[in-house]
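Both complexes below contain chain A, partnered by chain B and then by chain C.
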Partner chain A sequence: MIQVQNLRFSYTKQPFIENMNFEVQNGEIFGFLGPSGAGKSTLQKILTGLLTAYAGSAIVNGSEVKSHDNGFYENIGVDFEFPSLYEKLTARENLRFFASLYKQHQAIDPLLDNVGLLPDADKKVADFSKGMKTRLNFIKALLHDPVLLFLDEPTSGLDPSNARRLKDIILQEKAKGKTILLTTHNMYDATELCDRVAFIVDGRLRALDTPRNLIMSRGASQVRYTFALDGREVHAEIPLDRTGGDDVLQRLVRENRLLSIHSSEPTLNDIFVELTGRRLQ
Partner chain B sequence: MKPLIRSFALFVKQIFSDSMLATICIATVLAACFIRFGIPLIEIVLCSYFEREAILADYYLLFDLLLALVTPYMICFASAMMMLTEYDENMASYLAVTPVGKRGYILSRLVFPAGIAFAVSIVLMRWFSLTEWPLGMIPLICLLTCLLSVAVALLLFSFSHNRVEGVAMGKLSGLLMLGLPAPFFLPSDVQYLFSPLPSFWFAKLCMERNVIFLLPALLSALLWIGLLSKKFIRKIA
Partner chain C sequence: MRTKALLLGDIRFQFKYGFYFLYLIFTILYISLLYALPAAWREQAAVLMIFTDPAAMGLYFMGAIVLFEKGERVLDSIAISPVKPLEYVVSKLSSIALIATAVGLLIGLGGGVVANPFFFVAGVFLGACLFSAVGLMVAVNIATLNQFIVATIPAELFINIPAIAWLFGWKPGWLIFHPGVCIIELCQNGAYALSAAFILVVWTVMSALFARFMLAKSLRSLGGEKL
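== the complex of A and B ==
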């Protein structure tokens, strides 16, 4: 669906994106992770045709982005991080207008219902809360049932229940065979949703793999436990895959002497910090 | 074409739902009425009071030029204000990733309004001008003033972050009109200080009735558009 080769881009004389190479397969959820200013949004702007002064090649849905035709956007849905909605229009009027720009589109009410906005469909967007605007902005990208979705921080500013609702819709879209590019600095969303993630720092791709492989690359999860010995609390730690050989732990379990036990898995954030020396959030 | 027309239709609807911008658009007709009927009336009063044959009549061509410029200027100003509103709502870059596209956005926000301004200013010049205009001169001067107005819209949008700044910039952009009176009031060598302003060449073209002035008039307007369009395109990306 997307092939990027030797992609370079610069806003000034200083290179901003350098020699980026990756491919995104059909039906995949591909995540871009990186701190603010890393180049994620710029990359999304290049892939959506907003920035065309790039060097190298960026092929999206069979078209070189810088020379795309008018039909290019019929198959692409974009959800920017910040809502782009006509504030003076109602939610329904907004969706009706955007739907009218495409050759075909989905019914509006079921989409509104999916994100819990049907009761507010005739309210002006200016009166919406931030979360409501985020949800409306999200379904705007789905209106024309595109094969490729660019989602930039889709759950940003949402309460957990609405974030869950949007993530479920993203997974439903994937199940329908859609390809989704998710730009985020939320490692939990990326771990849960993405088939593969790319770490971007300072305009460069630092790592690209499945979340599981990236996490496993740091080694197995650790099991930490505490127990009492001679009146004091002792802490011990062992890799998860070696617990069977830990005689102390076995004995403590048998004798019910454990004070606490828990596993600690590395997160994408840990991997990110390890690989780049920077934090995601 | 359908997305473009839909997008332009909503744009016009948005302009007319905004009382300030709607007033600006209607003001072009009011300004034309004032020039056509108010100025000759004032001339009669002034001539009678000062007991002279002509006071303002010598400058009727200047009023006509003002009429030719004010119509596209006002329409393009309203257009730039609405673009700034859309920019605030992140709409400029969003429409660029729909079938409207970046080119469609530029067409529907700059070229279509300028086209309408061109037609309206021809009509107003035909019916409300104070002097006789040779055949073909009215469309020519209206085309030039529309090009300058597009440059003004580019200036307002590119250098303002919001409508408040846009209004302030709009006042400043009025300086671009200063070229119009220069050939009427300044000695021939001093007046060329205003030569970077396209409006100066518009006035020269109409005063001298010499097509040689068409070239600098056209080139200076296109130069302003060229210089400002890069920043404009960067802003909508």
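== the complex of A and C ==
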């Protein structure tokens, strides 16, 4: 669906995106992770044809992006990080207008219903909360049922239940065979949704793999436990896959002397920090 | 089909954002003013009002529309839609020109100056398209209304001064190639009205194409490219 080879881009004389190479397969959810200013949004703008002065190759849906025609946009949907809606029109009027720009589009009411906005369909967008605008902006990208979706921080500013609702829709779209590019600095969303993630820092691709492989590359999960010894609280830690050989732990379990025990898995954020020396959030 | 969809969208936008209400107020005000003037002044006053309002207001309204769309980031969504820049320009210009022509006709009929309805409608419609195209060219490159007002002054002087001079009797033959003069000539059904129609079509098409070029450049710069 997407092939990027030796991609380079610069806003000024300084290189910004440097020698980037990756592919995204059909039906995959592919995440771009990185801190603010890392180049994630620039990469999305290149792949959606908003930035065309790049060097190298970026092929999206069979077309070199810099030489795309406007039919290119019949097959891609873009959810920008910030709402792009007519404030004085209602939610339904906005969706009707944007739907009319495409050759074919989905029914509007089920989309509104999916994100809980059907009761507010005839309210002006200016009267919407930030979260409602985010949800409306999200379904605007789905209107024409595109095969490729670009989602930029889709759950940003949403309460947990609405974030869950949007993530479920993203997974439903994947189940329908859609390819989804997710730009985010939210490691939890990326871990849950993405088949593969790319770490981007300072315009470079620092790592690319499945979230599980990236997490496992740091080593196994750890088990931490505490127990009392000579009136003191003692802490111990052992890899999860070696607990069977830890005689102290075995004896403490048999004698019911454990004060606490829990496992801890590294997160994508830990891996990101380890590989790049930067934090995602 | 897409241009029709854009046009309907633009008309809805202009209605909801109060542009039609403003046109209504201006129409009532101008027709009342015409009847308050001595009858001898009425024809010239009506043509001047039509030239400076329904036709020329397109310039300001277009600026306001594009600034609203930029402020609400709607241009971002247009940029990643199948809409071609020329379709966007044709829709915007037509939507303004349609309401301008309706208002121009009302004032023209009120002032009793519609001698040739075909030339009159052509003058107001093409004039509104021309002014709107200039407004669009300027608006896509600026960020605030104040910047817009300052940036449109040269274009206003270029279009308005020769046209007003023509209206009040300074009529050297070569001036018929001026777009503002063409609008006046068509509204007044003057001796050069047919030539003026052709010349104004050329000006309007050229302006629309240049506005399309400026818009395409502006849409590319939404990504942040320095062009």
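One rule holds for everything that comes next: the second predicted complex is superposed on the first by the 281 of 281 C-alpha atoms of A that agree within 3 Å, B and C clash if a C-alpha of one lies under 4 Å from a C-alpha of the other, contacts with A are read in each partner's own complex, and residues count from 1 in each chain.
Heads up, the rule we're going with is that contacts are C-beta pairs under 8 Å (C-beta built on N, C-alpha and C of every residue); 3 or more make two chains touch, one makes a residue touch a chain.
As the structure is a computational prediction, the values presented were derived from the model and not from experiment.
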item	value
First (chain B), second (chain C), both or neither touched by A:D202	neither
Comparison of chain B and chain C by chain A residues contacted	C
First (chain B), second (chain C), both or neither touched by A:V78	both
First (chain B), second (chain C), both or neither touched by A:L101	both
Touching both chain C and chain B, counted on chain A across the two superposed complexes	45, 48-51, 70-71, 73-74, 76, 78, 80, 82-88, 97-98, 100-103
Chain A contact footprint on chain B (complex, rising order)	2-3, 6-7, 10, 14, 17, 89-91, 93-94, 96-102, 237
In the complex, chain A residues that touch chain B	45, 48-51, 70-71, 73-74, 76, 78, 80, 82-88, 97-98, 100-103
Contact set on chain A toward chain C in their complex	11-12, 42, 45-46, 48-53, 70-71, 73-74, 76, 78, 80, 82-89, 93, 97-98, 100-103, 140
Touch list for chain C against partner chain A, complex	2, 5-6, 8-9, 12-13, 16-17, 72-84, 220, 222-226
